[in-house]
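There are two complexes below, and they share subunit A, which is joined by subunit B in the first and by subunit C in the second.
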Partner chain A sequence: MIDVAQLKAHAKGLLEKGTVRTVFGYRKSTAGLLAEPAGITEAAQADDLIFDPSCVQNLALYLVNDKKHQAEKRSDDKRPVAVVAKGCDSRAITVLLQENHFPRESVHVIGVSCEGTGVVDASKLARKLGNKKALAVAFDGADAFAVTTNEGTQSIAAAEVMAERCLECRSAHPTLSDVVFGEAKAERGLHTPFQAVKAKIKESEGDRWAYWSRQFDRCLRCYACRSVCPMCYCDECVVDSINFVIAPDTTAEEKAERIKWIERSPAKSESAMYHMVRAIHLAGRCIDCAECERVCPVNIPLRLLNTRLEMEAFETFQYSPGSDPELPTLTSSFRDTDPNSFIR
Partner chain B sequence: MAKVEQTAKDETGFEPKIVAFLCKWCSSAGSDLAGVSRLQYPSNAVPITIMCSGSMSPMFVLSAFNKGADGVLVSGCHPGDCHYLKGNFYARRKIYLVQKLLQFIGLENDRFRMSWVSAAEGAKFAQVMHDFVADIKKIGPQTRLKAKRP
Partner chain C sequence: MTKRTGVFVCHCGNNIAATVDVVRVAEELGREEGVVYSKDYVYMCSDPGQSTMAKAIKENKLDGVVVSCCSPTLHEKTFRDVTEEGGGLNSFRCEIANIREQCAWVHSDKPKATEKALKITKAAVKRVQHNQSLTPIGVPVTRKVLVIGGGIAGIQASLDLANAGFEVILVEKNPTVGGHMIQLSETFPTLDCSQCILSPKMVEISKHKNIKLLTQAEVKEISGFVGNFKAKIHQKAVYVDPETCKICDDCAKVCPTVVSNEYDVGLTSRRAIFIPFAQAIPATYTLDESACLGLNPVVCGKCAEVCEAGAINYDMRPKVITEDIGAIIVATGFDLYGKENLGEYGMGKYSDVLDGLQFERLCSASGPTGGHVLRPSDHKEPKNVVFIQCAGSRDPETHCAYCSKICCMYTAKHATLYKHHVPDGQAYVFYIDIRSGGKGYEEFVQRSMERDEVMYLRGRVSKVYEKSGKMIVLGVDTISGKNVEIEADMVVLALAMQPSQGTADAAKTLKIGRDKDGFLAEAHPKLRPVESVTGGIFLAGAAQAPKDIPETVCQASAAASKVIQLLSKDELMHSPTVAKVRLSHCTGCEMCVQACPYGAIDLGAPSNKARVNDVLCEGCGTCQAVCLRAAIDVKNVAQVQIHDMINACLGV
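So, the complex of A and B:
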């Protein structure tokens, strides 16, 4: 069991000594069940920190955003930032370190272990509770959650209400951390990884296209998936080019003939392009935090799309993202034994 | 004249549009050799020379399909023959992933293909084009990823 008091004390100590600029952690949200991410800068606020199954967000995103904000502010504060990281979040940080997005010494990772369980899936929980409203959720032993509703507290088996990716998670313990709270539970083996992808692959080509075209047709192109992804840190995205300068003397012809990889209209073909580009860009980088799927307002199964290539990385290239910051990335390395038979 | 038309169009009248990305050092030279050797092969491909198959961005493939290509071919030097020593090894990994993704989305398997064609393999290039065009004629026009533009 994680002792949250220790976590608070550690964060407080860091802020009091001034060794870190900010602590990114979770605090009780003012609305709804899920915790909210918090950037804590004052030692007194460190008491707000929590860690329970409602802490679903991937805080590695805030390291990426923080880097952008620091650059915008032209800040010369070189102190590191501390971040509370679950197993999946620590893998995301590892991938960012692998890509030299920031140096190792600029981040202080406070690892928290999900131990035998993981985080809660709010919609699964709502379905399970029926007309009762969940107010809080806490760890309850090795494989259950204690859910507080308006009618009192009840214990629910974690496997029933856990997020899908947590059921398939292969390392719930942080792989990279400066300090870690909670025990390491080596093999949890709740579900076999990639089972949804494997089921989908068995379907016929036509059925798969019918499925995906239905999904892409719904896409609103709100780019919530892009905003929430810690790996989507490009300054310029293919979908909105910012380097095309429109001056008063830019002619209509020039505007029309600029290179556009993807139109901005949410047409099916363009949304398909957008999601495929994102999937390709995440190949060997996606650490399966499933935030894209959680934030999607129209419930596009983005995790299914991303895990397709993760499965390929794992099974064909024996590569699992976020395992080692020293390792070259999937697409910047090769082996002589890579598949060759598909080439004519 | 009638004979020419017969060879240019099959019964259905469908002529596939193929975008072929050829590496400058091998496959592009291979296609040249096919030409100067006066080998007959279908003229459905629009060849685009790239510096190395390793410089092939997945964006090019997706964009070609989006703009209405019926098939996309990526061709580079044989493993070990790369002008830049290891570009085609990177390409092999990357293209493999793109192919798996396109298949997963539900694009027909035969639409995206990769081949190794060296500068001396004019005949092989002609054969690759023959096979590719024949396979695509069987599956028909690509409508799944094509943008509906005026």
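So, the complex of A and C:
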């Protein structure tokens, strides 16, 4: 079982010594069950840090955002930042390192193991509790959550209210860390990997087309999925024409040759294109934190799209994104043992 | 974006015009935005066609040209030259719309094919309107050649190049040059002694001042590009100084280890310290590290003790040699198809079932039996010998689909030689067809049948088995329609030729393509048969396809002449259609660096972003495909061009 006091002490120590600029972690939210991400810069704030099943967010995103903010501020503080990372979050950091997004020494990874249980799925929990409102959720042994409601605390089997991705998780323990809290339990093994997507692709092509047509038709194009994704860090995105990068060296010709690949209007075809492009760009990079799906205001099952490609990468090329920062990325590498002999 | 595009639509006689309404294509294109001139002509590539084009470019002040015709691999150069030399317009302002191979030849419905031709041409117009004028990049040339493989192909190519005044580095994996040819006894159709015709060339190799011979060496790494390659060559430690070795054989006499002799294809043995054969080049003994007891005077050290010349040195170490070279000839040859794959013919089970090379050794005066055909099992003269052709060839289900080309001829030669050695013996040949195209070849086969009374049986052998101490060959004679059972004293299999292991390794190291059977792929099967798809790398010999000695020598000389042509210029022109980084979009994720097959990209100043080496870049666009941020474009295949081309095809 993870000892949060140790985690707090470690964060406090880092900030006291000034070895890191900021610690990104979780604290109790003022607005509901789920924890909120917190970037703390003072040692005194370390006491606010928590780690429990409500800590669902992927904090790798804040490393990406922090890099942007530092650049905007033209800060010359080169100290590293610390980040609390679950197994999935650590994989995201690994992918960012593979892509040279920041150097390894600029980040201090405080690994936390979610051990036997993963994090909670707030909507599953709400359905389970019916009229009762969850106020807090804590780990309760290796396979249960202790859920506090206005009527007291009860123990619920974790598998019933766990996030889908945690059920399928293949490496719950951080693959990359400078320090780890909690026991190393890598395999959870509640569901077989890619179970949800495998069930989906069994459906007929017509059914799937109808399903996704409906889903893409509902997309609002709010880009919440893009905003929450640590891998979507491009300054300029192919899907919308409002964020074209104009740098001092951008020529008039380049400005004139800006291309609008996709219309901004949330028409079905355009939204389908948006989601497909995003899925393809995440192939071999998505580490299945499922944040895109969680933040979607209209509940589009985006995880299915991304895990479909993750499955392809795993089954065809035995590639698991985020397993090793030294590996080249999937789409840029070639091995003699890869299938399709025509390339040879 | 340019505003005065000209379109030239070619009929290609009837090649295009029969399936595409070329007149309509020219008319409709004339109405496209930015097109000021559009015309069809029966043969655009003809002299009048070219003149029309040059004149139209000048008269209409065209700033972009699209030629709607055949594949750019054929006439892109022609039309770009016309654009530049005749029209006075930069040649990169000319693009080809392929409406022949990609349209007329693959469709039959004329209205639909015409629609497609329109789209292809309109897309090319959109592309050319964004094309930039580019200037080829001049690159100096290293006038030195690397030849990989010291068989007859490599020997011939090296000599041709060296005699033309170029420096040659000849790399051979084995302790001697000579390849498979030096193992042969006589060569068809003239039956001249293989050693006698090859060894003078080998001697010439060793004496030639322009040739640096590296035996027991392998090319481990090639970087760079046509005209400027860098090769990293690993040379094994040989432990015998070739300069001091007197070839007295004292060392081999005392060597206690005995291993199978590769030169005799396992029919004899040799010592750990040995000379492959008397005429070996370099003429020196060599120590086989893998067989030696330990290169350690404490363990053995007998050879060093007896060597009066003091040529043996256990402290020699492998060498890594780096060489700058301008061109490469790959002549890595063939291996015989693995006998373990042919269990039905008893290969490996019966010692009197031999492969073609082993039979060559039996016939050879320098061979294990001193030129007498004797059975390996009991050293008796075989009276009935069965030759089985197509052992592993022409068998797409289980073995190689292709014809190994030389086996018909060498089997006829084997049967003839056998009759010369054993006049009272009988030779049988099982065959599918006799393929004897070549000067004097058919006559040779006929002679073997008529004069040497070789019994040719048309059919395949189903198995070779043993019955009361005799080998029985069970086959079918499809002409009489009867099953045939022959009591054979010896069976010789004409095993298929397959690309050697060295060929597979070289293909990987040099990053050159192989065909479906693993032979090295030529750039064009008819018109560029000695060039690989990579500039500056040429092919010779059986590494490219099964072939006999005359053909191998032809190809080797052809490859040498291609190299001479390449290296006789002071400067090579490199295509300027190379990748260009948009620094504003590059995040330095390194994906393009990893994906580039030419090692042309690295991360560098100012801010660890991608940087393209124009000379290494081949403009393949792999980087463009992997870049998530659209931060790298190939010149004249930019994003905006692809976007506009797609729109043109979609008609939006």
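In the analysis below, the second predicted complex is superposed on the first by the 317 of 344 C-alpha atoms of A that agree within 3 Å, B and C clash if a C-alpha of one lies under 4 Å from a C-alpha of the other, contacts with A are read in each partner's own complex, and residues count from 1 in each chain.
Going forward, a contact is a pair of C-beta atoms (placed from the backbone, for glycine too) under 8 Å apart; a residue touches a chain by one contact, two chains touch by 3 or more.
Bear in mind the structure is a predicted one, so any value in this text is a computation, not a measurement.
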Query raised in the report: Thinking of the overlay built on chain A, is A:V238 touched by subunit B (first), by subunit C (second), by both, or by neither?
Result: both
Query raised in the report: Comparing subunit C with subunit B, which touches more residues belonging to subunit A?
Result: B
Report task. Name the contact category of A:E257: first (subunit B only), second (subunit C only), both, or neither. Result -> second
Requested in this report: Please indicate which partner A:A267 is in contact with in the superposed arrangement: first for subunit B, second for subunit C, both, or neither.
Outcome: first
Query raised in the report: Thinking of the overlay built on chain A, is A:E99 touched by subunit B (first), by subunit C (second), by both, or by neither?
Result: second
Query raised in the report: Can A:T331 be said to touch subunit B (first), subunit C (second), both, or neither?
Result: both
Report task. Determine, under the contact definition given at the top, whether A:D77 touches first (subunit B), second (subunit C), both, or neither. Result -> neither
Report task. Would you check which partner chain A:R308 touches, where first means subunit B only, second means subunit C only, and both and neither mean what they say? Result -> first
Query raised in the report: Can A:W212 be said to touch subunit B (first), subunit C (second), both, or neither?
Result: first
Query raised in the report: Which subunit A residues are contacted by subunit C in one complex and by subunit B in the other?
Result: 238, 261, 331-334, 336, 344
Report summary line: In the complex, subunit B touches subunit A at residues 58-59, 62-63, 66, 79, 86, 89-90, 92-94, 96-109, 113-116, 128, 131, 144-148
Requested in this report: Please give the residue numbers of subunit A that touch subunit B in the complex, ascending.
Outcome: 197, 200-201, 205-213, 238, 261-263, 267, 269-270, 272-273, 276-277, 279-280, 283, 305, 308-309, 312-313, 316-317, 330-334, 336, 338-340, 342-344
Query raised in the report: How about subunit C: which of its residues touch subunit A in the complex?
Result: 1, 130, 507-508, 513-514, 582-585, 587-595, 603, 608, 626, 628-630, 638-640, 643
Query raised in the report: What residues of subunit A sit close enough to touch subunit C in their complex?
Result: 99-101, 233-236, 238, 245-247, 249-250, 254, 256-257, 259, 261, 281, 328-329, 331-334, 336, 344
